[in-house]
Amino acid sequence: MKNSKPTKRSRSGSTPNGQKLPVAKPNTAIFPKVAVELAEIGKNFYTRGWVLGTSGNFSAVISREPLRLAITSTGLDKGALTPAQFLEIDDAANVVRGEGRPSAEALLHLAIARGVDTGAILHTHSVWSTVLSGSHASQGGIALEGFEMLKGLEGVRTHKHREWLPILENSQDMIELGESVSKTLRESPNIHGFLLKEHGLYTWGVGLQEAKRHVEILEFLMEVLVRAGAAQSA
Amino acid sequence: MKNSKPTKRSRSGSTPNGQKLPVAKPNTAIFPKVAVELAEIGKNFYTRGWVLGTSGNFSAVISREPLRLAITSTGLDKGALTPAQFLEIDDAANVVRGEGRPSAEALLHLAIARGVDTGAILHTHSVWSTVLSGSHASQGGIALEGFEMLKGLEGVRTHKHREWLPILENSQDMIELGESVSKTLRESPNIHGFLLKEHGLYTWGVGLQEAKRHVEILEFLMEVLVRAGAAQSA
Amino acid sequence: MKNSKPTKRSRSGSTPNGQKLPVAKPNTAIFPKVAVELAEIGKNFYTRGWVLGTSGNFSAVISREPLRLAITSTGLDKGALTPAQFLEIDDAANVVRGEGRPSAEALLHLAIARGVDTGAILHTHSVWSTVLSGSHASQGGIALEGFEMLKGLEGVRTHKHREWLPILENSQDMIELGESVSKTLRESPNIHGFLLKEHGLYTWGVGLQEAKRHVEILEFLMEVLVRAGAAQSA
Amino acid sequence: MKNSKPTKRSRSGSTPNGQKLPVAKPNTAIFPKVAVELAEIGKNFYTRGWVLGTSGNFSAVISREPLRLAITSTGLDKGALTPAQFLEIDDAANVVRGEGRPSAEALLHLAIARGVDTGAILHTHSVWSTVLSGSHASQGGIALEGFEMLKGLEGVRTHKHREWLPILENSQDMIELGESVSKTLRESPNIHGFLLKEHGLYTWGVGLQEAKRHVEILEFLMEVLVRAGAAQSA
């Protein structure tokens, strides 16, 4: 996949000359509903300071066989996000529905969608994640342990849980960064998210509500660490 | 009580075979109104960052003889809390009205309702309480003294008052933790709240407005301590 | 005045036996309009975290000869403040219009109204003022200098202005504290506000908008000082 | 220009005796629309704490030949900003449309409009910029480097970009300060903004949305630096 070049295809998933492809046609009828929900979450995140400038992007899996994501197009002010600004992309990041170009980081969303069993992927750029991913980069990640709030992460049953939040080196080469993401997910299949250094958080969930909850919880815990002095003592 | 296993009972408070119990039937006609007020407070607290993820729970005493609480069911997004998500529980945490399962922490609400003369109990998970309950855990609590804001706590008449905010070790064993709460309330009957380590605040009031005021005041004072550097110097 | 005990009088300003007093009857027809404006400001301040719990109180001079203030009654949740919760008081803090009891701090409002040529007096309890008035109490005040924002204080024309924000020892004896306020205003007639230690800010203006602006500016500058590390290095 | 004294002229751009001037008449028909957009942004910035008191001012270029700006009049509460509070000024800061006096800082807006190819200029007074412009003044500026968020600045393609945010000494002499701004822009034509010491941020963009995005990004990065401890270690 990583060598495929994104090419514009018709919305019906057919070839340019109109012949049906032999692969199964994905059922992505939920796209409009998902776009509404993602736009709502994006605007909410903007007011919370998590996706300022044109930062952040959001996606949801709307088909698994073949893989299809609903995803924000690139370069948007998330404070004015609308459902019409979402695209449907295939597993090579080609646009198969909607107008616009997907974010270069669409390749990271696809890497996550392939690497974990997830239905929604949210990427935020908060002050807290920027601070901590810088201060802890040399340690390769941040350990979150002892906090009751950890129980809000799917599958966690006790505050004694130790959550490892890996920090990946940032890069503008999305193919390289996508491989780094895939490798991280293979090596640490139980993580709930990761940071890109001085960039932000990626987290996910089986559904959009779970993914949103994971953003809230991880952002909360990062704020706790910074306020408790972790950035200074790292 | 602590050995009783919660069992599902019919809504009428009768035994499974339909016979009326000999105990007095509680008058809990205020339940619907209380559920509306608790839901309103819960949503407000969410916007203030005090009950993110699925954290926090809220209850009100709607009958004393026998003891009945209106309480949030478990695992809810407090940003979308509705009156229909409240349950009526008896003094063994059995659900006697409403759909859903009470939070495991219902046992702590019951321990507080038995230990102090209170009408409402609010539990929040703020950043400030998480930071301070961690930094001051080894001291067993936090002393709040000299602040005019203390006068907002019921019965306090001067800023020279010294309020002790105990920090209890966190646990997932609610029976053990409930006993720890009961013991704390017996030993320190004049406290207005306590912290669970790296978990959050419990406070209460004779009515819902007083309990809400106590949350505001204790959260305010914890924020003051953290911003004044208390977490670093503890 | 300081020995006079506040007594309930009839709304018309007459003596209990119905005889008109020989003093001029104040024209306080603007009271209803002022109460609406003060309530609006109070609710706004609540959302900004400046008057949590039941803290804070607000007044406006509605007559100078004789002195009459519109002022919040005591013990209110400022998040739900209404015009009906304001009282008209005379220069001995007697209620001459409205239901309720004035705050004990009404005596401080009166001391300020007598000491400076002002039309509105606002008292807030922010986190920043609580922190700084504690950390700088031994220095007797805080110097604000070099900030462009100072130019928003009435009469200040340059950022090189040095504003002295005195810190008074807090007390529950309002007569003593009122004298302390009067003395401060005699000695430093050009100040724009003062702090009570670990209590909060008093500031004022010729009108309500100016007083509100002074709150914003002084709160802003105190936040700047705390974030720049002033509380730790004091 | 710097010696010209602003004089009140008639709205039509004609001389006092009604004769048409020989210079081209600027087409500033977009003024009403721009005033609406600037007022909207100003109110939004107020709620974010960036233009408290009467601080901050906003302008847009509505004609280049000859130069005309839409700009806030002086001394306004930005929380209640209306389109009617904007003025049209010429390149000597004379008012050619609207009621009121332009801010003294109009001369800085004009210096920026002449120095860079921009359509909108926004000036904010945040806590973060006040803190950092004080702590880093002796270094002459602040280096922003390594942050993904930098990519939101126009023309920046990688987080490895090093953005230099100059800090100019503050002054009440706007002619002197305007020259300092012009000199800075000549020497560093690629900057996206600058700070005035303990005063605030000036930034700009080809359009209003770009300028607003630059405010968000620079404010975000300054907050990151302060929270990471930069103000203490400078």
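To keep things simple, chains are lettered A, B, C and D as they appear, and every chain counts its residues starting from 1.
Please note the rule applied: a residue touches a chain if its C-beta (ideal position, glycine included) is under 8 Å from a C-beta of that chain, and two chains touch if they have at least 3 such contacts.
Keep in mind it's a predicted model, so treat the numbers as computed, not measured.
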>> Can you work out the rotation angle that lays chain A over chain B using Cα coordinates, in steps of 5 degrees?
In response: 90
> Hey, how far is the Cα centre of chain C from the one of chain D, in Å?
Replying inline: 35
>> Centroid of chain B to centroid of chain D, CA atoms only: how many Å?
In response: 50
> Out of chain A, which residues touch more than one other chain, so two or more?
Replying inline: none
>> By the document's touch definition, which label belongs to this structure's chain graph: line, ring, star, complete, or other?
In response: ring
> Which bits of chain C are touching chain D when the two form their complex?
Replying inline: 146-149, 152, 157-159, 209, 213, 216-217, 220, 223-224, 227-229
>> Going by the contact rule set out above, which residues of chain D touch chain C in the complex?
In response: 49, 52-55, 77, 125, 127-128, 130-131, 134-135, 170, 172, 196-200, 226, 231-232
